[in-house]
Amino acid sequence: MEYAFVRGIEQFLYREARLLDEGKFQEWLDLFTDDVRYWMPMKTTRDATSSAETTDKELAFFDDRKPTLSLRVKRLTTGMAFAEDPPSRTRRIISNIEIDALSDKEVEVYSNFLVYRTRLESVEDTYVGHRKDVLKEVDGSWKIAQRKMIIEQNVLASNNLSVFF
Amino acid sequence: MLTNEEIRKLVDVETGDVARKIFVDPDVYQQELARIFGRCWLYVGHESQFKNNGDFITTYMGEDPVIVIRDGAGKINVLLNSCRHRGMKVCRKDEGNARSFVCSYHGWSFSNSGELLAVPREEVAYCNGIDKGDLGLLRPAQVDTLHGMIFANWDPDAPSLNEYLGDMKFYLDLMADRMEGGIELIGGVHKWIIDGNWKLAADNFVGDMYHVPVTHGSAVGIGIRKPWGDDGYQISPGNGHGFGGEFGGLAEGEGVATPYTPFIKKVRENLEKDKGDYVSKIVPIGHGTVFPNFSFLDTMRFRTFRVWHPKGPNKMEIQAWCVVDKALPDELKAAVRQQYIFTFGPSGVFEQEDGENWSQCTAAAAGWRGRQDNFNYSMGLGREREASEVLGHDLPGKIGGMWSEINQRAMYRRWRDLMAAESWSDLA
Amino acid sequence: MLTNEEIRKLVDVETGDVARKIFVDPDVYQQELARIFGRCWLYVGHESQFKNNGDFITTYMGEDPVIVIRDGAGKINVLLNSCRHRGMKVCRKDEGNARSFVCSYHGWSFSNSGELLAVPREEVAYCNGIDKGDLGLLRPAQVDTLHGMIFANWDPDAPSLNEYLGDMKFYLDLMADRMEGGIELIGGVHKWIIDGNWKLAADNFVGDMYHVPVTHGSAVGIGIRKPWGDDGYQISPGNGHGFGGEFGGLAEGEGVATPYTPFIKKVRENLEKDKGDYVSKIVPIGHGTVFPNFSFLDTMRFRTFRVWHPKGPNKMEIQAWCVVDKALPDELKAAVRQQYIFTFGPSGVFEQEDGENWSQCTAAAAGWRGRQDNFNYSMGLGREREASEVLGHDLPGKIGGMWSEINQRAMYRRWRDLMAAESWSDLA
Amino acid sequence: MLTNEEIRKLVDVETGDVARKIFVDPDVYQQELARIFGRCWLYVGHESQFKNNGDFITTYMGEDPVIVIRDGAGKINVLLNSCRHRGMKVCRKDEGNARSFVCSYHGWSFSNSGELLAVPREEVAYCNGIDKGDLGLLRPAQVDTLHGMIFANWDPDAPSLNEYLGDMKFYLDLMADRMEGGIELIGGVHKWIIDGNWKLAADNFVGDMYHVPVTHGSAVGIGIRKPWGDDGYQISPGNGHGFGGEFGGLAEGEGVATPYTPFIKKVRENLEKDKGDYVSKIVPIGHGTVFPNFSFLDTMRFRTFRVWHPKGPNKMEIQAWCVVDKALPDELKAAVRQQYIFTFGPSGVFEQEDGENWSQCTAAAAGWRGRQDNFNYSMGLGREREASEVLGHDLPGKIGGMWSEINQRAMYRRWRDLMAAESWSDLA
Amino acid sequence: MEYAFVRGIEQFLYREARLLDEGKFQEWLDLFTDDVRYWMPMKTTRDATSSAETTDKELAFFDDRKPTLSLRVKRLTTGMAFAEDPPSRTRRIISNIEIDALSDKEVEVYSNFLVYRTRLESVEDTYVGHRKDVLKEVDGSWKIAQRKMIIEQNVLASNNLSVFF
Amino acid sequence: MEYAFVRGIEQFLYREARLLDEGKFQEWLDLFTDDVRYWMPMKTTRDATSSAETTDKELAFFDDRKPTLSLRVKRLTTGMAFAEDPPSRTRRIISNIEIDALSDKEVEVYSNFLVYRTRLESVEDTYVGHRKDVLKEVDGSWKIAQRKMIIEQNVLASNNLSVFF
C-alpha cells in the first residue's frame, strides 16, 4: 500500500478522534455517510472457547443509523443533556490500525481504542476495545460507511455511555 | 441490626419524609440484604429465555449469584451458584445450555436440577459415606411464575407470589398478557454499574413521572416526544408495588416513530372490548416497580424489564431487557429493538441522564450533614383516592395524579415494615 | 462513638504520645466528621473569588459538598450542594456565575441565596401546599469572614469565628493584612488526592519545620535555598491553631530568585514602623494551620492557602491556592505564580515529597501491630514559654523553638477535647 | 470481637462443617489479625537471602510491613518498617544492603539492628532529652529459625518455635535438610494479588490433593504428568500444620522432564539409608502448610515456599519462591528454575487455575444466603489413623488417605481455638 | 528505513496482537521461531536510581522456549484450562514501535503495550509495559526469534497471568 | 508530507518517551530548546459546553522554562528526591500523532499519551491526556521548543506529579 494512502487513513482516524475529544460533534457527524450503521454489540460469556458477541437481532450498546446518530449529536445542544452538561473530559488512544483495501475507494479498517473519560470531579472510566470500520471515498474525502465497535467488558463498568466511540 | 424503633424513625409516611441515611448507611444496607432481599419475591428471569431443556442464565438474588435453569424434565430451577463443597461458582457463564455443572475446583458435578450427581473418587475419598442427597445446590424456598416472569423467594414463610403481588397482579396482566402467546425477551441483556443506591432506581420507576420532563427533557429538544401535559396517574395497588403514566399511554411523540405505536393501539382496542374502557386509558401501563427491585416500562414504543441488583450501599448493577409480544411481527420486533437501544440502556438518550442523577444523588447525600436530612416525598399527600373512583370498573388500589409521590410513599412504608419485622408473620 | 474515656486515652499531651489508631481507624474517622467537621469553623473560600453577584465556587465542608456564592444582594452564602427534594447536586461545576440553580433531576430551582424559588407544575403537583420557605438549600448555622477569608460552621452553638480564632487572629492579621486592598487568590486551584489521613497534613503545617531539611532537602541540593539554621520559632496561640518558621521569614535562598523577596521586605519595613520590631522577625509568618484543616504558607517567595478535605481515614483531597496582595504589581504576581507552581502543588519540587511521605506513613501505621503504637510528639516538651517573653510586645500565645512539636501537641489536645465533648458548652 | 461461643459455632470438627462466614466477614478478619497473626509464628525469610551483613528484604507479618535484616554483627533482625516518630516506612525497597535506614520524613536514622542511632539536630530539638534507647524500631517478641527458615512472633507469651512446630519439625527436616549445606532460595520473588481469602490458599496447601486432578487436570492434557492414582497420604502432625502427597513423591510425569527427578531420587536413596524406608514413600514431602500462612511444595520437579499475606477478608498477596538445595549443580538449579516458572507462579500452567478458583470461591460465598452455609470438610472423617501404623518407624502424627480433609479439619480446629482464646495460656 | 520495510514490521506486530485478541493461539504460536526465548523478568525495587529487573538466574513471570510455549497454547485446548475457560476478553494496544535493523533479515524491535483483559463478569486487569523483540525473516516472513517483556508492576495486581504478551 | 519527515518526528517522540521510561533524564532534557516553555494547565469544570483550561495567569500543574525544568532534572540526582527514590516504574503510550508543518524546520505536533506509573509495591497511576508540541530543527536534529500538556482529570488522582509528560 502506498504511504500516502495509508497515512491518509490513519490521519483521518486521528482527526476523527480529535474532533470528539474537542467536542466538535457536528463536524464529527459529517464524517459519516448517510447510510452508515454505527453498531456496538455486547460481549457475552456464552462459550467455553470464545467471547460471543450479541447478534444483530439482540440488544447492543449502540445500533444507530444516521438519523438517530444525528439526534444523539443534536441532543448535546438541547441544554438538557445533563449526562454531558457539564461535558466529560475525554481522550482517545487509537492504535493497531490495519487496513484492507476493498478497492481504491473503499477500505476496511481495524483499530483498537482506549477511550478515557472523566467527568465532574472524579468520575473515571476507561473503555478499551476495537473497531472495524468501512471507509468510502466520497468527493475526495474518506467517510465512515460502517462502524462496528466492541468494548471488552461484560458488565459495563460505567454509569452510562454518554460518549462516542 | 437497627431496632424496630430506629427503623420506624427513618420513614414518615404522614409527611413524606424519608431519611437520607437509608440510601448511604452500610448497616441499613446489610439489614436490607437479610430482611428485604432475603424475604421478598425477586425476579430472576423469563420463561422465554428457556426454550430447551438445559437452557440456563445466571443472575443475582440480592448479592447472591444464582443459576436459573430448565432441567431435564422441563422444570425451571433456581440454584445458588456456589458449590456445596468449597463454594466455587459452578457456572461462570452468562447463559447457555447444560445437562450438568462440573465444579472447576474439585470436580463435584451437579445436575441441571441442582442435585449433587457425583463427586470424584467417591468411594476412596468418602467411603465414610457422603450424603449426596443433602449436598445439592442451595435453592430458594419458593419459585413461582406469572406470565412467564419467574420469581423466587428465599423465605419459606413468605406469602405466595400471588398474595405477595396482591392487586398488582391485576395490572401486570394488562402489561404482560395482551396478545396470544404472551411476551418474550429480545436476546441479550444490558448490564451496567451505577454508583447509586438501588432504591433510587426502584423509587424512580415506581412513581416518579415527575422527573421525566426535566431529566429527560432533551427528548423534546430533539423532537422525539411532545412536551408533557398533566393528564396521568399513579396507582398504588398495595404491598409497596406501584405504576403510573400518562393516560393513553406513555411516550407518544413524533420523531423516530415506528409502526409499533399504531400496532399497539390496535391491540389495545381489542383488549378494551374484553375488559372495559379503562384499558385505553392505562394500557400500556407506563412505568412501575414490583417491590423491591423489579421494574418495567410499558410504553407506546417499547417495553422493558429491569432489575436493580444491590452491590453495596452506593452501587447497583442494572440488568435490563427489551420485551415484546411473542406474536409481534418480526419487522416490528426489529423496530422496537432499535427504538429501545436508542432511548434506553446505558447509551439511551433517555437513560444516560438517570445514571448521572442517581450517582450524584447518592454522592451528595453521603456527607455528615447531608445524611441527617430527609428526602421529600410529599407530592400529592392527602389527595389519594380509590382507583375505582377515578377509573371505574372496581379497579383495585389507590390512585394519585401523574405528578404524585403516592407510590414512593407506599414503597417506603413497605420497606420500613419489612425492615422492622422479625418475620413475615410479625408483619401481618 | 468512642466514649470520652476512650478518646482521652488516645492523646497524652504530657508525653507527646498520640495513638496511631486515630490516623487509620474508621470509627474515629466517623466521629471526626461529626465532632470536628460538624462543629468547627471551616475555610470555604476567599472573597476575591466572588467579584460579581452570582459568582460561585464549589468545595467541601468535611465530606459535605457546598456551594459558596455571592447572591443578588452581594452577600456570601454557603449552601449544601444537595437538592432538598431527592438530594441531587444542584451544581456540578467548579466555579461560575449563576442567578439560580435548576436541579437536573426534577427541576426544583433555587436562588443564588439558597431559597427554593420554584418547583415545576407546583399547582397540580403540590396543590396540598408545599412549604417552599422550609425547603431552601441547607446552610451552615454560621458564616463569617476575616480579611476576606470565608469560614462556615454547621453548629449554631459554636463560638463566634472571632472567639474560635482567639489569639490566632492577631497573627492572621500579619499574614493577610499587609497591604492596602488586602489579599486575593490567583485563579485556578490545585486539587489532588493523597492516600493519607488529613491530620498528617494539618499537623505538618501547624508546627512541623522539623521535616523541612529532610523531606525537602533536595531544595538545597539544587541551590534554591540555603541550608537551615536553628533560628526560628513555633507559636501556639491556643485553640489548636499554630504557626511557625524561621526568624526573618521562611525560604530565603539564591536559586530561581524573584523580585518578590525584596518587595516583601519593603512591605515588612512599613509594617514594622506601625507595629513594632517583632514584625521583621515573624513576618511572613511561615507555615500554619487554623484548626482543623485550613493551612497556609507565608514565605519570602509566595503565599499559599490549602484545605485538607477528609475523604475517609486513609484519604484526603488537597485544595491549594496561591495568594498574593491585591496591590502587588502584575509582573510580581506572575513571578510569584511561577515560583509557586515550581515549588508547590502536586508537581512542586517541595511538595512532591509530602505526598510520598504522608501516604506511606498512613500505610505503615495501619497494620495490627503498628496501630497499637504511638506517634511521638515530644520535641520541645517542657521548653514552652510565653511568646511575649521571647518577642516582647505582649505578643499572645506560647512559643517554642523552630524545632519543637509544641503546636502539634496543642492541636491534638484540641482534637481530643472536641472529640470527647458532647457539645461546645461541654468543652468549656 | 466475636465471643468464644460465637467462634466455636463457626467450626464443627466432628462434621467437617466450617462456616463460610469466616472467609468473608470483616469482623472475623480483624480478629484474625490480632489472634492469629498477632500470636503465631510467621515465616519472614530464609537465611540464604542474607549473605552479607546489612543484607535485607522487606515483607509482611499479617498486614504489618517488616524489614528482615542481617545486622553488623551478623544477626538476623526483624523490624517493624515504621518510624517511631511519625510512622513513615523507613525502607521502601524490596531488598538491598544497608548499614542504616534514614527516614525520609524527618531524618531519624536507625541502625541495621533497629536502634535509633540519631535524630537530626538532637541537641537543639530534644534538649529535654529524648530516650533514644526506647525509640528503636519495633520488633517481634521472638525470632527463631529452622534450617535457615526465619520465623517471627509478636507475642512474648507464645510457645517457642520448636514447641509451636511440634511434630511438624520432624517432617520439615525431611524437606529442608536433605543435602550438605541445606537449602537456598533462587533469587527473585513472585508477588501477586488474589481476590480471595488467605485461608483458602492455606487450606489448599495443607491438605487439598483432591483439587489437583481437576483444577490442574490440564497438566495431564498436555502430557506433563500422568493421571493421578489413589496412592498417597495426608499427615496431620498437630497444631494445625499438615502436609501430604503421593507416595513416592509428587509430580512424576513425562513431559518437560528435567534431570532433577533422577537426581532427587539419588538424594533420597542416601537419606533412606540413614533414616529408614519411609523416606522413599514420603520424600519429597509434597504439599504442606505451617499454620497459619506459610506453605510449601516439595515435588520430584522443584520446591517452593510461599506466604499468603492477608490483605482484607477478600484479598491476599502471595509471595512465592523457588527453593533448591545449595549443593545442587548449577545446571540443575537452572532446570528447576525454568520448570518452576513454567508450572507455578502467576503464569504457571498449574497455578493459573488456583487464582481463578480462589477468587470465585470468595465471591460466591459472600452473598447473604451463601454466607449462611458451610464449607464441607468431611472427606475422610472417621478414617484417621496414627501415621506410625501406616508408615512404621514411630512416625508422629495422624494420617489419612491422599483424598482426605483430615489436615484441613486440624487446621480449622487450631484456627478456632486460637480465635477463641484470650491468650496462649488460655489455649492450653 | 524504507517505508514498506517499516510498515511490514508494524503490521506484523498488529496482526500478532490481533491473533491473540481473537483467540487464534496456534496461528500466533507459528509466528515464533523454534529457538525462541519468551522471557518476562520482573521489576524489583532494589536501587535508589533504577528499577532493576530480575536476572536470568532469578525468577521471572515467563521464561519459555518453544516447547513450553507450545504447551501453554496446547493447554488452552484441553478443556481443563479453567483460568481461560470461559476465555478472557482481551485487547492489546501496541505503540511506540522502534526498529533497529541488525541486517536485512533481522531486526530488533522495541514496543510498548497496554494489554486490557476482563473476564467473567467484572474481573478487570490492565497490564502496561514494554517489549524488546528480535525478528528474523524466515522464508519471506518475519518470525519472532526473541521476546523480552516487562510489566511495569512490582506486586502483580492480578489473580494470574493467563494471557500472552 | 514525506515519509522520512513524518517518521523522523514520530521516532523522535518515541525516543523521547523511552528516555524518560529508562530514567535518562539528562539526555531527555537535552531535547528541549533553551527557550522552551513546558506548560501543563488544568482542566476545570466551568462551562456547560466545554472543559475550560486554566489560563496562563492561573495555576497550572507545570509551568517551566528551561532553568526550572533543568532543576527538576537535577533534583533527581540530589539523593533527597524521595518521591522518585526509589524511582517510579513508568511506561508511556504515545499515539494519535498529527503533524502540522509550519516550515521545513518547524512543526506543530499533536499527540495523545497514556503515562502509566507504579511505584514501591502497589501505588498505581494512569495519566491520560494530550500534548501540543512545537518542534524546531536545530543543527539537524529536532528540539522541543514548546510543550503544552493536558491531563484529562479535574481532581488529580495521584499523590503527586513526580514524573514528566
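We just call them A, B, C, D, E and F in the order they show up, numbering each chain from 1.
The working rule: contacts are C-beta pairs under 8 Å (C-beta built on N, C-alpha and C of every residue); 3 or more make two chains touch, one makes a residue touch a chain.
The shown structure was predicted, so the numbers you read here are calculated from the model rather than taken from an experiment.
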Chains touching both chain C and chain F, listed by label: A, D
Neighbouring chains common to chain E and chain F, by label: A, D
Chain of greatest Cα-centre distance to chain A: D
More contacts between chains, B-D or D-E: D-E
Interface residue identity across copies chain B, chain C - same or different by half: different
Whole-Å gap separating chain A and chain F, where each centre is the average of the chain's CA atoms: 27
Distance between chain centroids, defined by C-alpha means - chain B, chain E (Å): 45
Rounded Å distance, chain C centre to chain E centre (Cα mean): 49
In chain E, residues with contacts to at least two other chains: 3, 45, 47, 79, 82, 86, 93, 95, 114, 120-122, 126, 154-155, 157
Multi-chain contact sites of chain C, meaning residues that touch two or more partners: 92-93, 104, 191, 193, 214-215, 353, 356-357, 360
Contact pairs between chains, per stated definition: A-B, A-C, A-E, A-F, B-C, B-D, B-E, C-D, C-F, D-E, D-F, E-F
List of chain C residues in touch with chain B within their complex: 33-34, 37-38, 60-65, 80-89, 92, 102-107, 120-121, 124-128, 130, 135, 138, 154
Interface residues, chain F side, partner chain C - complex: 40, 42, 44-47, 54-55, 57-64, 67-68, 71-72, 74-75, 77-84, 120, 123, 154-162
Chain F to chain D touching residues, read off their complex: 82, 86, 120-122
Chain C residues touching chain F - in the complex, by the definition given at the top: 92-96, 186-196, 214-218, 220-224, 255-256, 317, 321-322, 334, 337-338, 340-342, 345-347, 349, 351-360
Partner chain F, residues of chain D touching it in the complex: 92-93, 104, 191, 193
